[in-house]
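Naming follows writing order (A, B, C and D), and every chain is counted from residue 1.
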Amino acid sequence: MTNDIEIGRSKRARRTYSLDDVALVPARRTRDPRDVNTEWQIDAFKFATPVLGAPMDSVMSPETAITLGKLGGVGVLNLEGLWTRYEDPEPYLDEISLLARDDMSHVTRRMQEIYAEPIKEGLITERLAQIRDAGVVVAGSLTPQRTQEYYKTVVNAGTDLFVIRGTTVSAEHVSQNQEPLDLKKFIYELDVPVIVGGAAGYTPALHLMRTGAAGVLVGFGGGATTTTRRALGIHAAMASAISDVAAARSDYLDESGGRYVHVIADGGLGQSGDMIKAMAMGADAVMIGAPLARAKEAPGRGYHWGPEAHHHEFPRGTRTPMNQVGSLEEVLYGPSHHVDGTSNLMGAVRRAMATTGYSTLKEFQRSEVVLTGRPQY
Amino acid sequence: MTNDIEIGRSKRARRTYSLDDVALVPARRTRDPRDVNTEWQIDAFKFATPVLGAPMDSVMSPETAITLGKLGGVGVLNLEGLWTRYEDPEPYLDEISLLARDDMSHVTRRMQEIYAEPIKEGLITERLAQIRDAGVVVAGSLTPQRTQEYYKTVVNAGTDLFVIRGTTVSAEHVSQNQEPLDLKKFIYELDVPVIVGGAAGYTPALHLMRTGAAGVLVGFGGGATTTTRRALGIHAAMASAISDVAAARSDYLDESGGRYVHVIADGGLGQSGDMIKAMAMGADAVMIGAPLARAKEAPGRGYHWGPEAHHHEFPRGTRTPMNQVGSLEEVLYGPSHHVDGTSNLMGAVRRAMATTGYSTLKEFQRSEVVLTGRPQY
Amino acid sequence: MTNDIEIGRSKRARRTYSLDDVALVPARRTRDPRDVNTEWQIDAFKFATPVLGAPMDSVMSPETAITLGKLGGVGVLNLEGLWTRYEDPEPYLDEISLLARDDMSHVTRRMQEIYAEPIKEGLITERLAQIRDAGVVVAGSLTPQRTQEYYKTVVNAGTDLFVIRGTTVSAEHVSQNQEPLDLKKFIYELDVPVIVGGAAGYTPALHLMRTGAAGVLVGFGGGATTTTRRALGIHAAMASAISDVAAARSDYLDESGGRYVHVIADGGLGQSGDMIKAMAMGADAVMIGAPLARAKEAPGRGYHWGPEAHHHEFPRGTRTPMNQVGSLEEVLYGPSHHVDGTSNLMGAVRRAMATTGYSTLKEFQRSEVVLTGRPQY
Amino acid sequence: MTNDIEIGRSKRARRTYSLDDVALVPARRTRDPRDVNTEWQIDAFKFATPVLGAPMDSVMSPETAITLGKLGGVGVLNLEGLWTRYEDPEPYLDEISLLARDDMSHVTRRMQEIYAEPIKEGLITERLAQIRDAGVVVAGSLTPQRTQEYYKTVVNAGTDLFVIRGTTVSAEHVSQNQEPLDLKKFIYELDVPVIVGGAAGYTPALHLMRTGAAGVLVGFGGGATTTTRRALGIHAAMASAISDVAAARSDYLDESGGRYVHVIADGGLGQSGDMIKAMAMGADAVMIGAPLARAKEAPGRGYHWGPEAHHHEFPRGTRTPMNQVGSLEEVLYGPSHHVDGTSNLMGAVRRAMATTGYSTLKEFQRSEVVLTGRPQY
């Protein structure tokens, strides 16, 4: 690889790039934003908008999943969150939003307690049924650790898309303590398309594709709310990560004789510009949390957190305050009265595609990017 | 290209540089600042000072355009701004300057309302006549979207320079909804020299030059007031952008058998140092907003905003407070009592040219620059 | 070397990298954290946890050294600190923690006075005996300047590990004023394994290894509390430094026919992510100060400082306030209610090793790293 | 040159480095700081300490020049400052130190007025005599613009070192308005050794050396107090600049058959670490302002400013508050109670030389440096 750099005499490293490192550049042709097509199809499911709501309790409830589905995207419900632990999670959502800001370790401690409540299988069934009854695409997520325990409940309840999401999910998990999930076998036997991640890197992603996954989540899951980088030293610079996994998609397409595995950028897409750049780097769709946590309907009530925030032994995420900017519809489609890329996200996508001259997302993945200079503003 | 970098396995990018990345370096010879010639000529128009006032309502009114003209530059009036929407825009300028600072979305919302007022053709005629009557060069700007609707009014009213300015203007705009502006045909048929942009990149600029434009605006229009980078992911690092377009100017000069198309840096030139570096990168002239918004006569009354700030569906700019530093004349020519490059802009240009040993702007474009190290102060 | 860069016409330099420049990347295989082995053995001493408590008065007292030893690590007592200067240092620790924050030069001045009290050999003997009596591994440190004066006392008192630690320790110290310590002869004659540093760079480290040292401390000793970089211009970017010394370890292993000298990262490891990256760069163990200064038992009482802070003529360190996060046990092993990598350090190490697919520290040193992009959060 | 980078299609640039980009690295040998020799000799003048006090009114008065001379350095009096404009400048120094901080343009305006007072030749004579009478080396500075007018007065008054200092001084100044100073002829005819600058770059410095100068000031004069970079876009990254001029020194030594022209780093040396790195990059001596402005005797009374601060038409410097850290003697030689490299500057130099194993300044210029990674603290 050309960018192989010597860190010290016993270690070399590749240089990677974040989305902030890159920018789009218009070419010689521009388009009318109205001519732009943002449709996305995975398996039998077609979406007007390539947006998956992240399975985070601050973002996706059965209700917001339904709303997002009706708006053309798809909401993924976290099946290990408050909605499957409590018959009525609203008082806990209230409480979390009211915890004082000045003692973060108290917030963490209380969230650990709240999430210590066991998961109820009946509630998994109930929540998924509620979404299905609304007539939108149903999607639920489990961590790899719990997949074996609950997947039958999930499948029986009926889900259209099955999401397996952890900080890092590999095709080959090794354990001397318990029989690990054999992803390949699991996916093969399941009738439902599976989206799995987070992953980063060409090889790990290629192995995930070979398990039969319909989509791969790129990234280690978190943006504004996680401290994985500081606490574990693990980090995927998203521009490089998406491009690498997109290359794996292409090679796997050849290798498999035509299976197209979807690349879904997941983590760190806080503003419309990030979503746009993720697509330009090769993503087919984006899984977003923070932008949807800014919606008035968001269950987080002006706060945002991920599953890492309440890990019982090694929490590495924070409850992060979010500015509420409008309804979920306004967040996605405007009209916008906010100028920082938090409102009318899809208007931004259309405009960026039009300005750079592309009319479909697939073409837009070929968009030229540059490495930008020192920030001037 | 030698600076082609691998971002990930499926994407390569060129590294680009902002004006903050570069600095001028004096050579073996210095000059007396009084010997420096800063004249600029485009088409039949000669200016003592290579400064165009940006068509932003916070900067250019008919009056400030006249003042700037008399001071040796040229003011470009935004023909889609308050001055062509309202018989008397002063109350609205007052109101905008008085909107509370603590709720930015309210500012945006109110500006969207104020700018929803339709454009009046009679006012276009009236405003341009006022400038013409003062005996200075007349310049007005339209966006590409409105050019077909209003250009006849503009031409009939009499303009010396016709500016077509949008975030990104390409030589080939494609639309299935409306017949797009055929720039080449439009410019050919027009008697008035046309300046068009923003553009960045060698190829897009070359195509704009081939439309017959007299000048190309380099940049995507905005500096301090815009959020295009965050909201759309689109960004042109100015040092690279100007140098690229200057290369297109040179190649087009050959290709056309001698047509010299002017390269006008537009966006992000907030202080004299930025203007100087833009010229050193190859700009023939600069279009500036923020520095003129700091003048006491500026219609923004201590605030600065661009047309993006009140876009009806996707605003991506902010009303930005500006420190008032003196009269327009003092801003351009001093005397200065401000030490940060906001006052005596042309004194700074002269001094920088003299210190690096150049006596004309054309020679100064060959000035040596360096990439600077980590900022120490 | 491939990364040899021209700074100016008379000077070239190598580019080096800090731990913040790099990040770990998971590979195709993940592991169960419970299968991870973090044991470390140096000479005859085996530790469950590869953590040395830094010989700083804010971190290591006889009591915390005992606690750390019982928790599976090893505490190194500074034998030139308060515990060997005062029969009862507690009032001075109290006083230091109560010095007003608003006049840093007063803090420095008072610490200089407190540390001007002479070292008592009897207290060296007494403190080491106290640790030994508790049944844990005994480790004490001297600076190179004082080693000749006090080492016999130390050896007679009985220490399992002898640490010689200064800002920079070389194998060849030259002085016209006093016979310098001949490290090679000294170590040869001593029966106790010696750990020596700070050092950085392949060649200096290789020479230290040739003196017979059992371990080399990598780094110039300080992180949060020191100003060596600003005051002396001397700095070792830790990622490069550790990798270089690891390369020396490997070459010395060949050269010596099998002597494995331990590489111990020392300095700037403020959070679990830093410790993890230090190990991934090649460290066998880590010497940490700040993370232990955050323990409730830490003698610093919420403050942290190193020996540089009270140097009599050229102090270059500060008393730094530290957030107290829990007991020493919680800091090392959790449970954690802090999300920033300050609690459950070893849980973080296990998790990072598991996520990147390694089961022993020695294998983990081969972990792939990347150079990360611009920080996005 | 290997580091020639394409900024855009019509411009290439060399990458340069600031002192913050580099750091010293100890080698395999260390020394006793007491064995270090910091002597510096230029022409017939020998100094214990290679420090020139910058000709800035906030730093050098006749009295502080005498004090600095007695302490082993040399103070350069600005012969165009308050001391040659006013019989008694103390009231003006008082006033400047009392100007309110909240209106910087008022400070600039008032300083412009105070410095509008004409220079008196009699005071030049008087001030130099006062320094000479104290038995220390006498050094006075003029700008190139005033050299012809006043140099005879200066020479007649008796100066040991003649400093010609401007933002940028070239060997060839071109003017159509007045006969410029012919440096070569001027220096040839003068009996006194001349130090001239600021300069940066191999070629400009080589030309200055060919004029017969005894020393060249490297840098464009300013650090903390100037805004030249922002206002003019002109900047010399000091690590590269010093190394380049050191290379010119070496080539000129060959070319001239043995003339050694001294390289004096001037500008941006705010802390001991900066001075040390400047010497390691090749400087023979350092001209410092800010560190001396922190002395209790400094005429600036806790403020610091350079001649740029009161330029009548284009001021580009600010009156900057400075923390007072001790007497001039303590600033240079300690004892120090400040940990940030502002006190015991020469103790720091000695220690850095000793730690990296050098015993003379000339050897220290060969010191190895590295490009450091991302700042971790």
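The rule is short, and it goes like this: a residue touches a chain if its C-beta (ideal position, glycine included) is under 8 Å from a C-beta of that chain, and two chains touch if they have at least 3 such contacts.
None of these values were measured; they are calculated from a predicted model.
Ranking all chains by how far their C-alpha centres lie from the centre of chain A, first place goes to D. For the pair chain B and chain D, the fraction of shared interface numbers is less than half, so the two copies use mostly different residues to meet. Superposition angle, chain A onto chain C, using Cα atoms only: 90 degrees, a multiple of 5 between 0 and 180. Averaged Cα coordinates give chain C a centre that lies 39 Å from the centre of chain D.
Rounded to whole angstrom, the centroid-to-centroid distance between chain B and chain C, based on C-alpha atoms, equals 56 Å. Counting partners per residue, chain A has 16-17, 19, 21, 239-240 as the residues that reach two or more other chains.
In this structure, the chains touch in the following pairs: A-B, A-C, B-D, C-D.
On chain D, the positions that touch chain C within their shared complex are 1-3, 16-17, 19, 21-32, 34-35, 202, 239-244, 246-248, 250, 271-274, 276-277, 280-282, 325, 334-341, 344, 347-348, 351-352, 355-357, 368-377.
Of all the residues in chain D, the ones that touch chain B in their complex are 5-11, 13-21, 104-106, 108-109, 112, 167-178, 180, 199-201, 203-204, 207, 220, 223-224, 227, 229-240, 268, 308-309, 312-318.
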